[in-house]
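Below you'll find a set of structures to go through.
Presented sequentially are two complexes of chain A, the first with chain B as partner and the second with chain C.
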Partner chain A sequence: MASLEIRNVIKRFGAVEVLKNIDINIDDGEFLVLVGPSGCGKSTLLNAIAGLENASAGDILIDNKIVNDIPPKDRDIAMVFQSYALYPNMTVRNNITFGMRVRKRRTAEQIEVALDRVAELLQITPLLDRKPSQLSGGQRQRVAMGRALVRDPKIFLFDEPLSNLDAKLRVDMRTEIKKLHQRLGTTIVYVTHDQIEAITLATRIAVMKDGIVQQFDTPQVIYTQPANAFVASFMGSPAMNLIPAKLGDEDGNLHVEVIQESGESLSLEIHKPEDRLRAHVGAAILLGLRPEAFGDQEHSVGINESVRQFSSPVEMTEPTGPDMLAMINLGGVEVTTRLNAATQVRMGSAGHFTVDMSKAVFFDSESGKRI
Partner chain B sequence: MTVGRWLLFIVLGIFVAYFLTPLYVMVITSLKSLDDIRMGGMMSLPTEITFDPWIKAWNSACVGIQCEGLNGYFWNSVKIAVPAVLISTILGALNGYVLTKWRFRGADIVFALMLFGCFIPFQVVLMPMARMLGFLGVAGTIPGLVLVHVVYGIGFATLFFRNYYVTIPDELVKAATIDGAGFFTIFWRIMLPLSVPIIVVTVIWQFTQIWNDFLFGVSFSAGGGQPITVALNNIVNSSTGVKEYNLDMAAAMIVGLPTFLVYVFAGRYFIRGLTAGSVKG
Partner chain C sequence: MLRWLQNNLPRIVLAPSLVAVAVFVYGFIIWTAYVSMTSSKLLPRYDFAGLLQYEKLWSMPRWYVALENLFVFSGLFIFFCMALGLLLAIMLDQRIRLEGALRTIYLYPMALSFVVTGTAWKWILNPGLGVEKMVRDLGFESFEFNWLVDPDMAIYTIVIAGVWQSSGFVMAMFLAGLRSIDSEIIKAAHMDGASLPRIYLGIIIPSMSPVFFSTFVVLGHLAIKSFDLIVVLTGGGPGYATDMPATFMYAMAFQRGRIGISAASATIMLMTVMAVVVPYLYSELRKKDND
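Take a look at the complex of A and B:
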């Protein structure tokens, strides 16, 4: 168990800078998820933490000790790979114990005890004498985790461990990884491009793009107060709606003006606007609203002071089971709303919507930064 | 069966006959007495089977002026081929491992140069090689020939192993690195156990090349240290008086037998190994 600190880490491959001044700090026992689209540098950062690649500049600290020049085997970390990377020529037993046997620091009995403990924890005891080729995807995943767990390292590193599994198994294993973390309390760094995995697993998320950490915070903050338009659209499914709008001021009451499909202007009063918004009055902004900020009027539970009402033609409906997604056009873009499954809103006709403006966030339409 | 299939089998049959007829002639001629050869036709079966030509070829045929058979030269070839095959295969495996899993700046250029080495004609290197062997003091010796074949074999062995190892995921090496294994531990315990098909391919390829080599053998060996191919040439070319066809054929069979046996026992791995790299698992 250990804390992890990444200080101004830069990584260059030739002239290309793939990590630009990464600064991340987590405490002992935290579950850090690095998430971002492919090519954002998240796997490179994980490799740098593991020591498989050296950072071009900056420091990496495990347990407040700089590990820049310590080779991977001495960093006291364990890693689970996307392809599992099980040794094909060895049985499950030998796969799991390979690291301990190579290091020669423990006796045969100690190794046996450690193996039994992990095999029981992951329920792979019956598989110990099989070769990896005789295992299913989920079983291989468990063995790969077993190989990491058995050494009882300070930090676990996971490199997209679930992306090779089918959808159902992925959800099961996700739950198991979370349980494992709660049970062991070990610090984990986990790389994924799946934002749902990130939100469900993490205690802290670093959203990355183009080698830059866009936002580093708890899942809740990242979801409700994204730092910029990229984070807003990347995290959450369906994505946050980013509606081109104009900020207006009417007797001190701030409102956003959105052009509807009909060409009419819809004015939505902002609930308890923060003062920094006033600097943008008259400017073009992006209004960020999650699909669940919308509702239909008949099912709105207790209309309160932050909720506004409007009507709009419905372009498309998609029932998901628990909800109904309805697409409308606001500000010239398609906006997804999440409504009650029993809604009377129908495709092709006008629907009566509510929107909770206390959930709204605002972005500068030039820089994409949150205002 | 359709007409097309018949046609296919007929064509294949012709090819089979084309390749097997010389072998047939060699085998039956080697089992005939000289009288039998004179009396009968080339294709006719022996009237009486005799193994005398084989025995004579092995221990009393005249190679040049010495009449001790192929016996000693056979073991010369073994002493050349076995170490040369083993050393070049191990070096090829190490090269392939480094070029794929421990890449360094310029690795691709090194590999390209090694590939280039595969295509240099033997004749081009004869003179410089002769100087080199003289400089090292191994000219005309068996260790000298081993060195020549190792140097020449590294290119192909590297090519085989490099192309095989690129299909083995890098993550395996990363996992082993984190597990605490070093350069040679990963090589011995992870890479080599996965390399059986390509080791077989390389061994067959190298063994065939080295066993069958004539040019290096005739250029860089002397007297009793010559490989069997050179001795065969001397048997066939230096006999005076009556041409002993049965002896020549038996000697040629003895020379060809080891490579033939290697193919029989390891041939299916050869095909499997050659295609293994091309299809990702």
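Take a look at the complex of A and C:
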């Protein structure tokens, strides 16, 4: 168990900078998820932590000790790979114990004890004498985790461990990884492109794009207060709606004005606006609203002072089971709203919607930064 | 009529080659097996003499020389081809520069026929012309490298030429095998603390066993049927010191006028090849059924 600090790490491949000044700091026992679209540098960063690639500049510290020049095997970290990377010629037993046998630091009995403990924890005891080719995807995943667990390392690294599993198994394994983390309390760094995995697992998320950490915070903050339009649209499913609008001021009451395609304008008063918004009055902004900020009028439970009402034709509805997703057009963009499954809103007709403006966030439409 | 033609066109097109293969390959295999059980000498004689020719064959010292040479040659040829090929493949696998060019260079001898290889090495190994003369011309007057004309050593010159020709091909096969190993496995082994030799010996090479087996079979049958290399390089000589079953068979049939013995040796070679190839085909075909 250990803390991890990444200090101004830069990684260049030739002239291309894939990691630009990465700065991340987590405490002992945290679950850090690196999330971002493919090519954002998250796997490179993980490899740099593992020592499989060297950073071009900057420091990586494990337990407050700079590990830049320490080879992967001596960093006391274990990694679970996307392809599981099990040794195909060895049985599960030998796969798990290979690292310990190579290091020769433990006796045969100690190895046996460690193996039994991990096999029991992951429920793979009956599989110990099989070869990886005789295992299912989920079983291989467990063995790969077992191989990492048995070493009892300071930090676990997971490189998209669930992306090769089918949807149901992925959810199951996600839960198991979370349970495992709660039970062991080991520091984990986990790479994924799946934002749901990120939010469910992490204690801290680093959202990355183009080699830059866009936001580094807890899942809750990232979800409710995204630092910029990219984070807003990347995290959450369906994504946050970003509606082009204008900030207006009417006798000190701030409101957003959304110009509809029809030319009409929809004015929504902002609930308890923060003072920094006033600097942007008259400027073009992006109004960020999560689908669940919307509701239909008949089912809106808490109609209170932050809720505004409006009507709009419904372009499309998608029942998901627990909810009904209704697409409407606001300000020229398609907006997804998440309504009660029992809603009377129907495709093609006008629907009466509510929107909770206390959940609205605002972005500068030029820079994409949150105001 | 047209319809019948349409339906049967593939059969009609394939029929001549099928007939040719049936007659000239399998037909003559059966014919050879039959002749080996007759009392034929210069010309085939269609009687039945039981195992007479086999008895004669197995009492000829020259046949024993041929068999011994076959074992020495195949053993050394397969071993050195594999060792050298694996070494080259591992070195090429280290993400070196110019890998494509080097690969082609090493693979190139395979593009030559054994006749060309044999001729080239005959010149290189010729004491009055090749390596020995070159080193002597450099001033080392007492240098000797006359394996080609030494009855005890001549068989090793064939090994040298054969390995030179085939190790590049083995390298290509091993390289493909090495490349088929997921790079994450190697990363995982690194993190497990294994050294590079240990990764190769403990993980990569054992997972390549199918490639080893294929290579062994290919090299094995090359060794058993090797003929042109020997004919060109040593002509079976000095004397019959480098005779192999194939050259033995040729000599018996076309130089000594002993078709029966020749047919018997051919049949034994066929059985030897089958002993290598049949288990291989069996395992390959069974694997396909399982997939």
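Methods note: the second predicted complex is superposed on the first by the 370 of 371 C-alpha atoms of A that agree within 3 Å, B and C clash if a C-alpha of one lies under 4 Å from a C-alpha of the other, contacts with A are read in each partner's own complex, and residues count from 1 in each chain.
Definition applied: contacts are C-beta pairs under 8 Å (C-beta built on N, C-alpha and C of every residue); 3 or more make two chains touch, one makes a residue touch a chain.
From a predicted model like this one, the values you see are computed outputs, not experimental measurements.
Enquirer: After the match on chain A, would you call chain B and chain C a fit or a clash?
Expert: Result for chain B and chain C: clash.
Enquirer: Between chain B and chain C, whom does A:P88 touch in the aligned arrangement: first, second, both, or neither?
Expert: In the superposition, A:P88 touches chain B and chain C alike.
Enquirer: Check the residue A:P72 against both partner chains and state whether it touches chain B (first), chain C (second), both, or neither.
Expert: After superposition on chain A, A:P72 lies in contact with both partners, chain B and chain C.
Enquirer: Who does A:G282 touch here: chain B (first), chain C (second), both, or neither?
Expert: neither
Enquirer: In the overlaid three-chain picture, which partner chain does A:G252 touch, first (chain B) or second (chain C), both, or neither?
Expert: Neither chain B nor chain C is touched by A:G252.
Enquirer: Share the list of chain A residues that count as touching for chain B in one structure and for chain C in the other.
Expert: Dual-contact residues (chain A): 50, 52, 72-73, 77-79, 81-83, 85, 87-89, 98-99, 102-103, 147.
Enquirer: For chain A, which residues are in contact with chain B within the complex?
Expert: Of all residues in chain A, those touching chain B are 47, 50, 52, 72-73, 77-79, 81-83, 85, 87-89, 98-99, 102-103, 147.
Enquirer: In their shared complex, at which residues does chain A touch chain C?
Expert: 50, 52, 72-74, 77-79, 81-90, 98-99, 102-103, 147, 151
Enquirer: Write out the stretch or stretches of chain B touching chain A in their complex.
Expert: Residue list for chain B touching chain A: 169, 171-172, 174-181, 185, 189-190, 193-194.
Enquirer: What residues on chain C touch chain A, complex-wise?
Expert: 182, 184-185, 187-194, 198, 202-203, 206-207, 209
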